[in-house]
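Look for subunit A in each of the two complexes below; its partner is subunit B in the first and subunit C in the second.
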Partner chain A sequence: MSAAADNAYYQRRGILGTLGRDGLLQIILIANTIIMLAPIIIMVFSAFKTTPQIFQSPFSLPDFSHIGNFVKIWTETNFLRYLLNSFVVTGASMVLILTLGTMAAYAIGRYQFTGSGFILMFFLAGLTLPLKLAIIPLFMLMRDLSILNNQLSLIFVYTAMGLPTTVFIMTGFIRTLPNELEDAARMDGASEARIMWSIMLPLVRPAMVIAGIQNVVPIWNDFFFPLVFIQNDNLKTLPQGLTTFMGEYTTDWGVLFAGLTLSAAPIILIYIVLSKQFIAGMTSGAVK
Partner chain B sequence: MPQLRMTGRGLWITVLIVPPLAFIALFIVYPILSAFAYAFFDWQGLRRLDFVGLENFHTVLFVEPYRSWTLNAFRNNVIVFFALMVLQNGLGFLLAYALWRELPGARFHRIAVFLPVVLSTIIVAYLFKLFYHPLFGVVNITLKSIGLGWLAQPWLGQGGTALWALIVAQAWHMVGFPTLVFLAGMQRIPGEILDAARMETESEWVKITKIVWPLVAPSATIVFTLLFVGAFNWFELPYIMAGLDGSPFGSTDVLGLYFYRTAFGNVSAGQQDFGLGSALAVLIFLFIAAIATVITVRLRAREIQL
Partner chain C sequence: MAGPPRQTCPGQDGRRTGVAQLSLRGIKKRFRTTDVLHGIDLEIGDREFVVFVGPSGCGKSTLLRLIAGLDPITDGQFFLNGKLMNEVAPSRRGIAMVFQSYALYPHMDVYENMAFGARLMGLDKPEVERRIAEAARMLRLDELLQRKPRELSGGQRQRVAIGRALVRKPDVFLLDEPLSNLDAALRSEVRLEIARLHREIGGTMIYVTHDQVEAMTLADKIVVMNAGRIEQVGSPRELYESPANTFVATFIGSPRMSLVDVTREGNRLNVPDGGSLALDALPQVPALKLGLRPDAVSLHRGGGEGFEAQVVYTEYLGDNAYVYVRLADGTVLAARTAPNDAFAPDAPVRVTLAPGAAHFFSAEDGRRLVP
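Moving on to the complex of A and B:
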């Protein structure tokens, strides 16, 4: 009844009829893609321009051989140090997350023991809690552990934040693995550790990639925890270092855009190569 | 022998499970429980003083100037949430629907719409801060060049537009996320249902509202809940674009900034106050938990099991 009314209403407007439904959708998509890409393209173009050029013609194609802005960043700022710190912190966190996450998921998904359901719930509780709101006790905790102004504070928090999703994804995956291989190995007298390491772990790699990507992007991009935990300029990660850097060069827009471009480049390049895995990984918590 | 083997296995499970549990307990559960405890004490710098009961809660909710600050920040968070529901989730649904048709170039459009999502919020915030610059920003330059110079204005510098400028930047940053979650939901709709719908009606509108929308309800539940939690935790983007005070004149102040400012102090507020900060954190936390639960339960109820 109401469907018929809607139908009549729609036919009266007829916009889809004249333009074609798919034509309209295609226009929306193209317009959206332009909006999505334009800021990034302007950023990259501006990185190759001098500040007066940016002010005069922000949209023009630059002379890509003009790399003065990048040279300035390379030689005059702490940028490389920030980049290196980001690699160290993200790398260490990822190793811990995947190691500990796989251990917990393997125990929960592969063995039956009392309390396993409760332990899984304990991990999953961490999924939804916004840890930012616990920043005051976390700050005090890091102080008591004497790791304020130390990258270990970041690595520990990121590890704890990454574990719930990792355990969630990995447990689901590990449960689907068949028992036959494991049982055969056990008959042959292989130890539990040996079975996990040589037989099961090679099988869980696809789930590790998904869990890894889901965690690596937020950790690489995080700004909040370094803001609170790290003061020493030599220990800052890239997003935090960027704020120092942007403050120093406020009027030199060429350098500012070059700094933004350099910061964005690693993740954009990896994303372009692995877009499928990125999309699957980053939406995996929300899909299905 | 079986006895020995059982204890061996028990030990093995313990070895596997204890280290990850310890991380969660120490760095998530303990701090969150502590945040509740902290709120009931008076603090001087990093030193905990007397137990003061609900006084901190009373102060942030009912004593000026905290009361106005709390209300103003909360009101801005509400605006941000509803605006992003339209700009981010609404647009995301539309884009997902367009991508779902698998028109030529769909793969490219899909990669493009998700590209900003992988960028750090800090990069996005600075980029848009430069774009919104009153004299040299591309927004005003573009407006002038197409004859709309009278629309050019200091987007971040005036109370009426600053929050909206931030919301647009946030929507640009994150619209790809709901888009691809909705798209995944649409791709799971069985073909038979769509064929049946096609027999019944020609109208695209009816198909969207009566078939597609109800069937992607699980995706909607998730993106609505995540947006809600995200909107009331909003911090990085306003911190970079508007500063810790939510300038100009608190027009971009949100609970995240206000909480941080209260807890750790800043140039204008000076003194840091862990007691009031914790009280705010607990209130925000309870509010998010309560509403997110309601949203999830209400939206779950309308999901259809296929």
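Moving on to the complex of A and C:
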């Protein structure tokens, strides 16, 4: 009796048994994908609708030939200016972050010198500091440097914000590179700069991509610092600029969504292009 | 040892001479507070194949890195062709190195790997191409030039690593355990290859290994190292036939030499409670270590002259057999016997020695004693 019951118990297949572990994972992943993509898709759809259409049928397929919102945003607003500003600020910040961060990480990761541990800790301490809490001192600092209402203020703050994660990620990667590669390059007569540039950096490119994406998204989307530092409309970045649509057009939602779509597009493109770089595997075969 | 190093290439500053004479004088290396090398004196002649051999951690790789210039020398002087090299950059010493892990640049193909160093030497394009073609032919890499290191097998990577050293046309090749990542079958093949290369290119080669078989088969001169000191320098034959001390004696040769503590009375050697043996020429000390290689030992059944022993086990190798026996004091000896000469385990045997085949070492410090 009890044996039969046991048997029945073991033969009853739960949801895990029916679908298998992989099947369950698939369901979770598909659900997650839908949840993640839905807002983006609704945003894109809404960009092709007029404001009344958005409220009448928010989820319906739009008429994709209706590009009035895009024409309007392109011709009647300062959108292009904002886009350009965002590119300048984000681009300059990323160049600074990756250059300085990689160089700092290379020095910390590959050279032994007194205080290297302290410097790394110093960078890592930056991870724990929310710069937004320092907004008032930062504001005064920018005022004293007289770069308020100047994109330099944003670039400086973003660079400072991005360095800790970059140094953290890059130091870890650079440390894993085999010393013998460096020795081999040194025997070949390469200078320190060339060893870094020709031998080591190509091998840490996946890490640079990770560090880059990690930083580019928050910088591109940042709303807070431009709001505080920038008042001149011609210097505003996209997230800040888009809010002006709200009042200006008594909230023309269609135009706003079109602007959001356009502002999200570069980041999505960057993601798609660089995703292949995540697949590292570069060092395989270097050292057996 | 003392005196100025021989000047073999007068008046040719920095130019490749094809001659390489290395001279190490009291080389010391300290990492923070740990002394790794305690004063190495060594002369290496042109076109010699020198093998540094010793157990792990004896400092042989460290010494190689000092010669390469990858680590600074703490104390002492290193001359190459009579020029002090202590402060010279690695790439300007005319030395190339093959690393244990090969250290191929993973993002460059084979051609680029070899061209990298050659270009940095300032060679023009045709010369770089000519040298790579030559190295590729010598190492049979022609088919592989466009491949990335990850697409190569272990043996091929090894050849590329050697090729990278070849294109720089160095006077001295350093090889750091180049065979340790290869499987056994490939190892003997690459060993032959390296010996052939040394004949063909004729440079001075310094080779580091912990494998005494590699050392014996490849070397013109073996440098046996232990705990940061050189124990002995000599040809494989010298090391095998007259080891300077018990360390060298037991390190070189397989199966290793057995050491027996014996006392001397007249011309007889006694193992405590284990029989005795008469030998013609003996060092005039009361107690000593007797070093016995398997081919010096003969085993006999029944009573008579010799040390008493008990058979432990037999290793049958086809062309001969090694019989391990235990003496009365517990020392285990290996004896080489004919393959069909069977000794049952635990059987009592007597051990006698072939004339002149025994080695004698001091009981105190293990130095070789000459009768």
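Rule of thumb we're sticking to: the second predicted complex is superposed on the first by the 223 of 288 C-alpha atoms of A that agree within 3 Å, B and C clash if a C-alpha of one lies under 4 Å from a C-alpha of the other, contacts with A are read in each partner's own complex, and residues count from 1 in each chain.
Operating definition for what follows: a contact is a pair of C-beta atoms (placed from the backbone, for glycine too) under 8 Å apart; a residue touches a chain by one contact, two chains touch by 3 or more.
Owing to the predicted nature of the structure, the values given are computational and were not obtained by experimental measurement.
*Asks:* Going by the contact rule set out at the top, does A:A190 touch subunit B (first), subunit C (second), both, or neither?
*Replies:* second
*Asks:* Does subunit B (first) or subunit C (second) touch A:L242, or do both, or does neither?
*Replies:* The answer is first: A:L242 touches subunit B but not subunit C.
*Asks:* Under the stated touch criterion, which partner chain does A:V228 make contact with: subunit B (first), subunit C (second), both, or neither?
*Replies:* A:V228 sits against subunit B, while subunit C stays out of touch.
*Asks:* Between subunit B (first) and subunit C (second), which, if any, makes contact with A:I147: first, second, both or neither?
*Replies:* neither
*Asks:* Kindly classify A:A264 by the partners it touches after superposition: subunit B alone (first), subunit C alone (second), both, or neither?
*Replies:* In the superposition, A:A264 contacts subunit B only.
*Asks:* So in the superposed three-chain picture, is A:V209 touching just subunit B, just subunit C, both, or none of them (first/second/both/neither)?
*Replies:* A:V209: touches no partner chain.
*Asks:* Once the two complexes are aligned on chain A, which partner has more residues of subunit A within touching range, subunit B or subunit C?
*Replies:* B
*Asks:* Does the superposition put A:L83 against subunit B (first), subunit C (second), both, or neither?
*Replies:* Once the two structures are laid over each other on A, A:L83 reaches no partner at all.
*Asks:* Show me the subunit A residues, by the header's touch rule, that subunit B contacts in one structure and subunit C contacts in the other.
*Replies:* 282-283, 286-288
*Asks:* Report the residues of subunit A in contact with subunit C in the complex, numbered from low to high.
*Replies:* Going by the criterion above, the answer is residues 178, 180-181, 183-190, 194, 198-199, 202-203, 282-288.
*Asks:* So in the complex, which bits of subunit B are touching subunit A?
*Replies:* Per the touch definition, subunit B meets subunit A at residues 8-10, 12-13, 16-17, 19-21, 23-24, 26-32, 34-35, 38, 46, 94-95, 97-99, 101, 103-106, 108-123, 126-128, 130-131, 135-136, 138, 141, 172, 176-177, 180-181, 184-185, 188, 200-206, 209-210, 219, 222-223, 226, 229, 233, 235-236, 240, 256, 259-260, 263-264, 274, 277-278, 281-282, 284-285, 288, 292.
*Asks:* Would you mind writing out the residues of subunit C in touch with subunit A in their complex?
*Replies:* 65, 68, 70, 89-92, 95-97, 99-107, 116-117, 120-121, 148-152, 154, 157, 164, 168, 181
*Asks:* Going by the contact rule set out above, which residues of subunit A touch subunit B in the complex?
*Replies:* 3, 6-7, 9-11, 16, 21-22, 25-26, 28-30, 32-33, 35-37, 39-40, 42-43, 54-55, 58-59, 96, 100-101, 103-104, 106-108, 111, 113, 119, 122-123, 125-126, 128-138, 140-141, 143, 156-157, 159-161, 163-164, 167, 192-193, 217, 220-221, 223-224, 228, 238-240, 242-243, 246, 253, 256-257, 260, 263-264, 267-268, 271-272, 275, 278-279, 282-283, 286-288
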